[in-house]
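One chain, chain A, appears in both complexes that follow, with chain B as partner in the first and chain C in the second.
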Partner chain A sequence: MSEATEAEHRPLIDATGDSRRPTGLLLVGIPVLLMAWLVVWPIINAIVRTIWRPDQTGDYGLDFSSYGFFFSDGYSLANLSITLWTTGVCALFLLVICLPIALYLRFAQGPLPGFVQALAIFPMFVPSIILAYAFIRVLGPNGMVDIILNSVGLPKIRTPYLTPWGPVIGLVWDNIPLTVLILLSGLGSVANQAIEAARDVGANRLQVFWHIIMPRISNSILVALSFSILGIFSAFTLPYLLGPAAPEMMGPFMQRTFREVNDPLNAMTQAVITFGFCIAFGLFYVRSVARNQRK
Partner chain B sequence: MAVTITARPRIDGLGITFTLLLSLAIIFPLLVVGTWAFTEIWRYPNVVPQQFGLRFWEQTLTRPDVWGALTLSLQLSTVVTLLSAAICLPAAYAFARMSFPARTVLFFSFLAGHAFPKFGLLIAIAAIFLQLNLIGTFWGVVLIQLVGTLLFMIWIPVAAFQAVDRRMEEAARDVGASPLRVFWSITLPQAGPTIAAAVLLTFVGTFYETEGAWLIGAPAIRTMPVLMISFINNQMVIQYGAVLSVMLWVPSFVALMFARRVIGGGAFARGFGG
Partner chain C sequence: MKRRTFMISAAGTAAGMALMPRLAFAETGRIDWYTSSDTNILDFWTNTVAPAFEAANPGVSINLVDGGDSSGIISIGERAMAAKLANADPQADFFESANALLPSGAIDAGVYTNIKEAGLSNYSKVNPLAIESDYSLPYRGSQVLLAYDTTKLAPADAPKSWDDLVSWIKANPGQFVYNRPDKGGSGGNFVRRAIHQANGLDPSAFTVDNYTEEFGNDALGKAWALLQDIAPSLYDGGAYSSGNTQSIQLLAQGVVAMTPVWSDQVLQAIDQGVLPADTGLVQLQDLALAGGFTRSIVIENGTNRDAALKLADFILSEEIQSAILTELGGFPGVSWEYVSPELRERFADIVPTSIPTFPSGDWEPAINDGWYRNVAPNVDRAS
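For the complex of A and B:
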């Protein structure tokens, strides 16, 4: 964020007041302990229990065999690669769809932008389970799209339901609101004067976008993508309901390993592997949020 | 870019395009679901249903599994929201107003849960619940949903408490009001609406929470979204899912109305790192 919006940002918390009076510690104690018990401890527990395991004689030692199995098992690798593919395609689509919407909302005037913004934010208030149901009724076999195509004499579509494109469409739909909001918040730091100045010296729209707007919002783009990637990489509901049975994304794969195959060790191994793939995005995202709150 | 001043109103072509495309992609699918909920007969090649009616509302609402799931979901959401408010609101007040050791570090520690892919974290928690025999229990689901509410229920109220005018509080203290009286008469009325929005969002978010309930609760704990999953997967009657969708969407709509004030200010996007 830069000079244009800094004035309205009050720090949520400032680091200057930390002192030795512990009354506050008692008040924040329970949620902090809950976080430690149900977020920090499970992660440490999952990492330790998957690498520090008993061998045949019962002696504990370093053992990477569950990771070795994952990375040599064809099915696990297929699941990992479909997850990476879905995440990449979704990130690309989100950028291509949301950036124009955000640019429009930032620079347009008149009555329509408010309406477009309401539409773009709307999916936030549609639970993904209802989205999955709507998807099947519209794009599924004999769905609404087929009905309309049939009525004008066109052939049916090849339905994306139960193909890798099913989760892609659902996850993009689900992630549009926050991506638009984060990009729009980043565009708030682009001052109108900077754009007018560039236009005055003869820059066209593309040049203004590339040289004036892009440098200011590249960080917001990274934040928006990090947030979406964290959500999409381990998404469960939409891939489970809309995606193919095999290969499956990591979310349904972990769930099946844990509940149906009843194999917590390999489920934890898969969880730790998803942590590994997302750690860079997670740290970047958290760092950006923390930095914004401090401002 | 509309930085130039136009003398006469132009036609906002781009805006119309976005409106049409977004309506088609976002509103149209939901209208189809809404239509199905009030349809009695709709065979494939027909563009509109052959017969409208409320028959499937009656059938859905008299199913015992629907009532069971609805009651359970409301119970779960109420318990989780009350617990969350009871532990988070005092903590939010402390973060906003008191100084104590490690305040900043603890405040940002609530972000930890957001640095990891959510379902991976749920699996790691489930592995611990397995040892504690919490899988398939009401309180197991309560705990996993409670963790998901902490960040919002602390950060939004912290912002609310900090937005209260300190000078008014000090003035009240100067004329002899007790700290409790100041909190009750000055602080709470100003911070109240934002806190109420946070509580409402927590309730609705918990009501729709699917992944924790499915992973930890199933098959014994069947919430509304979990029931919807089984309707989508195994139920031949299309209308049951449509009726449930319309019913489920009502609390979401209420939240939409209330949350506009929280989301409107851009504070929301900032909370997500924008």
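For the complex of A and C:
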């Protein structure tokens, strides 16, 4: 009998005494090793190989010239700024589109929210290459939208295909599910009682949103945005298929420099600069998670 | 590629390699065949060449293996060199598409068969313009042509020279598109045609090893000026599609009236109904757009060397060479006089008087980088 009660009181993860086994460490070890091998090691390797290079005489030494070239080359800087522009615009659109969807899904009643949720999550199951071709068929020149407009006697749209807006539309659509899911989980922490209490003292919808909901989900917004920004910044397929030839986003630019221009040094330099930016976005995420756990 | 996708595929590859059978032996009477070409070529071999060859040579079969890309073929070539040193079995007899100079030293090591000396009965028919080395056999080619919409442009008015083409493009703004030169050969060879145009229409001025920065900047700079000149009259005021297929798609959707295309891809697109049957095809007659030949190689130390040589002879036969024209939409590797008169008549419009090529080597990165820096961004496009 006493044994049974003891078992009931045992915590889920037993971290005391002789029952501490390396199982947990082993389970974590595999992904950590993979991370170190496939992500951390290539990063260190790339940084070292771009700054520790042989000079004319073959002696190795510190050399920042490839970085100097990147930051003095107008073409490279234009590519970096279009990447930052695309990322910023996408983040803004994601917030404007996903927050209302998440709010609706959290507070609406009845069977309709189920369908809305399915629709919002749907992009997650569409590979980006298929999305790109669907985009061309629908929004591309003489695509479905043009045909519909034409049939009711309206002029054609100026298609976003092969302009900087092409990747923006594609990337926003692609990132809606992740953003909605993270925001929705954040909205789960907003108690109905808190909202009802605010309503009782006469708060209108906007005041409820601003003073009750926003403070509780600001963290989720930060997490959702840093997640999508990390993905968008290094996106490849959609900017490659839908974007203009120049300026190009960092993903296609790196790939092209490496394969087509046969210039691994500059490709690695571009990669190091890209993950420099990604680390900055990643720090936002880490900071907000850390702040959350301290609470 | 997203990092997550890359991780998944890398892990998958590693797992696949661990599961792969460790041992494989070449079989006598089964030719181990490798290609680096696209799926349409593999389909052509699976459905046309292999059944015909196996029917003509009972007891011999072909093991068709997709070697991936050209570096895949090079690594199998390296394996054959290592096998030669170790006196082992290279497990390879025939490369459908390879460069005799790669991997370097393969010819000196005696791994590639000298096709010229091998006594093939059909070797004398090979188009002399296409021969690059005694160790490789050009058996099919494709060339870039201009495809156009005959409802917008009458075949009689189709441009036949570069100058006609430029004046047509300028007279019909927004009706012409070519893809980025590194993303597909149709746009790539259109850009190379501009380089020929800017440098006296002399393809022999460019060789695989004569690139210098000074010559390159001068020769390419003049071509960039030509291309910048037509840029504002291109589709959407200077947009460039991201591949061969995307150009064909823009033509198929009636967005543009003309685009450069690979001969084999456009004939296949017409065949599959992607493009209408009355799509016009025209080649510039002052100097054709560049193209290229695919060259096959027989492995000297392969178990089935003699059967592979029979196969090499077989693909030069009239049966296969005609099929390359009619089924693959490629160009024959043999001279045009060995093609049946009926087919010569049917493809008269696209038969080039010459087959200019452009070397790769150091020219390729110079063109790829130079075009992006000089031609692509210099257009002020409202976006």
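By definition in this document, the second predicted complex is superposed on the first by the 248 of 295 C-alpha atoms of A that agree within 3 Å, B and C clash if a C-alpha of one lies under 4 Å from a C-alpha of the other, contacts with A are read in each partner's own complex, and residues count from 1 in each chain.
Here is the rule we go by: a residue touches a chain if its C-beta (ideal position, glycine included) is under 8 Å from a C-beta of that chain, and two chains touch if they have at least 3 such contacts.
Since the model is a prediction, treat every value here as computed from it, not as a measurement.
Asks: Please indicate which partner A:Ala245 is in contact with in the superposed arrangement: first for chain B, second for chain C, both, or neither.
Replies: Touch partner of A:Ala245: chain C, not chain B.
Asks: Return first, second, both or neither, reflecting whether A:Leu206 touches chain B, chain C, both chains, or no partner chain.
Replies: A:Leu206: touches no partner chain.
Asks: For A:Leu62 in the superposed arrangement: first (chain B), second (chain C), both or neither?
Replies: Neither chain B nor chain C is touched by A:Leu62.
Asks: Can A:Ile136 be said to touch chain B (first), chain C (second), both, or neither?
Replies: Both: A:Ile136 reaches chain B and chain C.
Asks: Just to be sure I read the superposition right, which of the two partners does A:Glu260 touch: chain B = first, chain C = second, or both, or neither?
Replies: second
Asks: For A:Ala235, select first, second, both or neither according to whether it touches chain B, chain C, the two together, or no partner.
Replies: It touches chain B and chain C both.
Asks: Look at the residues of chain A and decide whether chain B or chain C touches more of them.
Replies: Higher number of touched chain A residues: B.
Asks: Between chain B and chain C, whom does A:Gly188 touch in the aligned arrangement: first, second, both, or neither?
Replies: First partner only.
Asks: With both complexes overlaid on chain A, does A:Leu162 touch chain B (first), chain C (second), both or neither?
Replies: After superposing on A, A:Leu162 lies in contact with chain C but is clear of chain B.
Asks: What residues on chain A does chain C touch that chain B touches too?
Replies: 34, 38-39, 136, 142-143, 231, 234-237, 240-241
Asks: Help me check something: in the complex, which residues belonging to chain A touch chain B?
Replies: Within the complex, chain A contacts chain B at residues 9-10, 12-13, 15, 17-25, 27-28, 30-32, 34-35, 38-43, 45-46, 49, 100-101, 104, 107-110, 112-113, 115-116, 119-123, 125-138, 142-144, 146-148, 150-151, 173, 178, 181-186, 188, 192, 195-196, 199, 205, 208, 220, 223-224, 226-227, 230-231, 233-237, 240-241, 250-251, 254-255, 258-259, 264, 267-268, 270-272, 274-275, 278-279, 282-283, 285-286, 288-290, 292-293.
Asks: Per the contact definition, I'd like the list of chain C residues that touch chain A in the complex.
Replies: Residues in contact with chain A: 1-3, 7, 10-11, 180, 182, 236, 239-242, 246, 249-250, 253-255, 364-365, 368-369, 372-373, 376-377, 381, 383.
Asks: Quick check: in the complex, which residue numbers of chain A touch chain C?
Replies: Counting only chain A, the residues touching chain C are 34, 38-39, 75, 78, 136, 140-143, 159, 162-165, 231, 234-237, 240-241, 244-248, 256, 260-263.
Asks: In their shared complex, at which residues does chain B touch chain A?
Replies: Those residues of chain B that touch chain A are 1-3, 9, 12, 14-16, 18-19, 22-23, 25-30, 32-33, 36, 44-47, 87-88, 90-91, 93-96, 98-104, 106-121, 123-128, 130, 143-144, 146-147, 150, 154-155, 158-159, 162, 208, 210-211, 214-215, 218, 225, 228-229, 232-233, 238, 241-242, 245, 248-249, 252-253, 255-256, 259, 263, 266, 268-274.
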